[in-house]
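Chain lettering (A, B, C and D) follows the sequence in which the chains are written, and residue indices restart at 1 in each chain.
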C-alpha cells in the first residue's frame, strides 16, 4: 500500500471512530466530578486496616498485589528477552568481551568528572534507598527506587569508565539480584499460605501508621521489587551499552553523558 | 478461610513463577539439563493441578480471593480467581502442551543458561492466570506478560525475517494492550469496579450506554488482535512463520485461541447485561469469523513455507472459533472451548512435524523438500493424520468441537458462517495434505501458484534424536483421537453453561453429520489437484489457474509486511466493530 | 488550579504531537524527554505523585537514555557484511 | 471533557505516526505516544477537583482524595511501557545489523521474491516483481 493510500484508509476509519469517540466522551462523567466507588472505599478503609499512609503502595503491594507480581515478572521477561536477543548476537561465551580488551590503556578522566561522580554516586544510591524504604508513607516505592538505584550505577560508568563499570557490576550478580528479588516477591505470596492464610495475605505485624516500618508484608514485597528492578534495569543498561562497544572506537568517557 | 480445593487456585500460576525466578537467580550455576527437567516438571505440575481443580469445579466455580480481600458490602476490594470447569480444563490442556513442548525442545536451547525455559514458564504462568482471573485489570496484566514473553521468543533466531516479524508482532500487540487498557479505564469509570461479576451487575443495571459499548469495542478489538481475526490477522503470519518451531507450537496451539477464549469469557460474563452488545455480537462475530476462516484457508493453500502455511491455517481456525462464539449459546461456546483444545493438539503436532523437518532435513520449504521426507515415514503419517483431522475427519476432540460449533450455527440459521467454516477447514486440510504428499511421497513435481509464495532458508539445530521429537508429536495426536468422546459429551453442557454463567442445559446441538465428510472430501480433492496437476488435462489446470492467480497476487500484496499498513488496518478493524455495535 | 490543568493537558497533546512529527530520531529523543517531563508535571498536578515519580525516572530519564544508546549502536556500527 | 479528548488525540496521532513512519526508532517513539494516551485517560478518569493525593501523611485519613486505583493501574502501565520500549529497541538494533536499514519499507519479514531474505535490497520493496523459480 502506498503511504497515501494508507493515510486515506486511516482517515476513513477516523470518520467512523470520531463520532464513536465523541459519544463515549459525552457519556462519561464530567472530568473531576466524582471518583469510582472502589477507590473511595480503599481510601476509607485501608489506612486503618493496613496502617499505611500511601494508598497507591497499599494497592500495589496488598490489595492488588497479584498485579504487581505479574508486572514484576513482565519486567523479568523483558529483560531476559533483551539478554537473549543481544547476547545471541555476541555469543553467550563472550558476555564480557568489552570488559577485557587487551592492549588498551584506560584513558584518565578529568578530576572534576571523577570527583562529581564519586560524590553523586553515593548520594543517588542513598536517595534510591530512601525512596524504596519510604514506600508506605511517601510517594515512591520499590519500583521508583529501583530505577533510581540502577541509574546510580551509571554514575560509576561516568566516573570510573567503562572497564571500571563492568568490573564493579557483574552480569551473574545482576541475574541473582533480579531473580532473587522476583523470587522473594513470589515467596511473599506463597509463605502466608503455609500458615493457612490466603496468597499474599498479611501475616506480619502492621507497625505504626506514618512510620516507615508500617504495612507488614508490604515492606518485604517492596524490597523484592526494589531488588528485581534495580538488578533488571542495570542489566538492561549494561546490555545496551555493550551494544555500542563492538565497533573499535577509542574509550572516551562521557560520550553518553547527554 | 477458603475451603480445600479452592486453596490450590494460586498454585498453577505461582509454581512456574517461582521456578523461573529461582532458575534466573541461579542461572550461572545450573548444569546443562537441569532447566529442561525443571521446566518440564513445572509444566506437568501445572497440568495436573489444573486438572484436579477442574475436576472439583464441576459442581460450581471455585473462587479465591488474593490477600484474603473478600468482597465487603458489595465492593470487590481485591483480585479474585474464579475457575469454572471449562477454564480449568483449558488450563490443564495448556500445561500439558507446554510439558510436551519442553520435551520436544529438549536440549534445543542448550547454551542459553535456561533463558528460553524462563521465558516459556513465564508465558505458561501468564496463560493460566489469564484463564483463571475474574478481574479486568488482572486479565490485562496476564495479557501483557504473555505478549512480552512472546515478543522475545519470536525473534530468537535473530534472522532478518525473524526480527522484522517480531517487530510487527510487538507493535501490533502493544497497540492491542493499549486499547484494552483504555477499555478497562472506561468500564471502571462507569461501573466503579474491576471485578467481572461487579461489572456485569452494573452493566445490567445501566441500560444502553455508549461508554459501556465503547469499552467493549476496545477490549474486544484487543482480544481479536490476539486472536488474529481479519483485519487484525497480519501480524500472525509474520510472527508464527519465523519463530522457533517449539515456540510456534505454543503460539498457534494456545496463545491465539486463548485470545478468543478471553473474548468468549468477557462477552458472556462481563457484558452479558448490555443489550446493545448482545444484539450486535452475533452478526459481528459470525461475519468476521466467516471472512477470517475463508481468507486464512485460502492463504494457507497458497503457501510453500510450511510454518507460514500453518500460521495461515491457524488464522482460518481462529475464524471458525469466532463463529462459535458468535452463536452466543451454550452449544456454540461449548463447541468453541472443545475446539480450542482439539485445535491446539492437532496444530501443535503439525508444528512439531515442521520442526522435525527443520532439524532433520534442514529446510522448511515445501517445494525444496519434495521427496526428501521419505526416510522419516512416521513423521509423514503423523502429518497426514493431522491434516485429515484438521479438515474435519469425524473422530477425536477437534471433531467434537467442530460439531458443537456447527450445531449451534445450524440451529440459529447462520448458514453462511456454517459453510465458511467448512470451506475454511477444507482449504487448510488440503494445504497440509498437499504438503505431506509432496514432502513424504515425492508427488507434485509441478508446483503451481505456491511457487510464487514467499519462502526463506531456515534450519534448526539437529542435535536431538528423531524419536524424542516424534514422541510428543504423536502424544498430541493420540490425545486428540483417543480422548473418550463420552467424557466430553457428558461434561460439556454443564461446563459450557457454567462458563457462560447461565442455567444449565441438558444437551448440546450437533451439526449435520455429512458436513465434516464434505470438508474431508473437498480437502482430499484440493490436495489431489495440487499434487497431480501435471497429469490433469491442460484446460482444467489453465482455467483453475486463471481464477487463482489474480486474487492470490492481491492477497499476498495485502500481507505486505509493512507495519504502517497493519496499523491502518487495525484502525479499520476497530472502526468496523464500532460501526456494528452502533447499528445494533 | 482550574487554569493550570487544561493548560497542562494541551501541553501534553502538543508535546505528544511533537514526538510524532519530529521525524529525525536524533531530535526526536529530545521531544521524547520533553514529553516525559510534561507528563511528569501533569501527573503531579493530577495529584498522582507516585506516578509522577515513576514517569520522571522512566519516561524522562531511562527511556530517552535507551533511545540514545540504541541510536549510538546504530550509528557506530555499520551493518555486518552480507554473507 | 478536555482530558479525554486529549487522550483520544494522543492515541490517534501516535497511530498516524506508526502508519507513516519510515524509521523504526521513530516508530518506537510514536508507540510511546499511543501509550501516554492511556496514562492521560486513566488519570483523568480518576481525578476529582479539590482532592488531595491518596497519601495520608500530611492530611489525616478521611480527607477527600483522588482515586488511588487508577494511579496503581498507571504505575503498572508505565512498567509495561518501559519493557516494551526496551524490547523494541533491541529488536530494532538487531534488525538494523541484519538488514542494514531502519526503514520498515526495506526491512520486511519474508517477502516473495527475496528467497534468501538478504542482500537483495533492489528486488525487495516491489510487490509486482515476483521471481517464480
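As a working rule, contacts are C-beta pairs under 8 Å (C-beta built on N, C-alpha and C of every residue); 3 or more make two chains touch, one makes a residue touch a chain.
From a predicted model like this one, the values you see are computed outputs, not experimental measurements.
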Chain whose average C-alpha position is farthest from subunit A's own: B
Higher-contact pair (C-beta pairs counted), A-C versus A-B: A-B
Centre-to-centre distance between subunit C and subunit A (centres being mean Cα positions), rounded to whole Å: 17
Interchain centroid distance [CA atoms averaged], subunit A/subunit B, Å: 32
For subunit B paired with subunit D, centre-to-centre distance based on mean C-alpha positions, whole Å: 25
Distance between chain centroids, defined by C-alpha means - subunit B, subunit C (Å): 36
Subunit C: positions in contact with at least two other chains: 48-51, 54, 58, 62, 66, 70, 73, 77
Subunit A, residues touching no fewer than two other chains: 3, 6-7, 10, 14, 21, 26, 28, 36, 38, 42, 54, 56, 64, 67, 71, 74, 77-78, 81-82, 85, 89, 139, 143, 236, 240, 243
Multi-partner residues of subunit D (each touching 2 or more other chains): 2-3, 15-16, 19-21, 37, 44-47, 49, 51, 53-55, 65-66, 69-71, 75-76, 79-80, 82-84, 86-87, 89, 91-94, 97-99, 118
Set of all touching chain pairs, with the criterion as stated earlier: A-B, A-C, A-D, B-D, C-D
Subunit D-touching residues of subunit A, taken from the complex the two chains share: 3, 6-7, 10, 14, 21, 25-26, 28, 30-36, 38-40, 42-44, 47-48, 53-56, 58-60, 64, 67-68, 71, 74-75, 77-79, 81-82, 85-86, 89, 137-139, 143, 210, 236, 239-240, 243
List of subunit A residues in touch with subunit C within their complex: 54, 56-57, 131, 139-141, 143-144, 147-148, 150-151, 154, 233, 236-237, 240-241, 243-244, 246-247, 249, 255-256, 258
Contacting residues of subunit C [partner subunit D, same complex]: 1-2, 6, 9-10, 12-13, 16-17, 19-21, 23-25, 28, 31-32, 35, 39, 42-43, 46-51, 54-55, 58-59, 62-63, 66-67, 70-71, 73-74, 77, 79-80, 82-83
Of subunit A, residues touching subunit B in the complex: 1, 3, 6-7, 9-10, 12-17, 20-21, 23-24, 26-29, 36-38, 41-42, 45, 62-67, 69-71, 73-74, 76-78, 80-85, 88-89, 92, 172, 175-176, 178-180, 182-183, 186-187, 189-190, 193, 196-202
Parts of subunit C lying in touch with subunit A, wherever the complex brings them together: 48-54, 57-58, 61-62, 65-66, 68-70, 72-73, 76-77
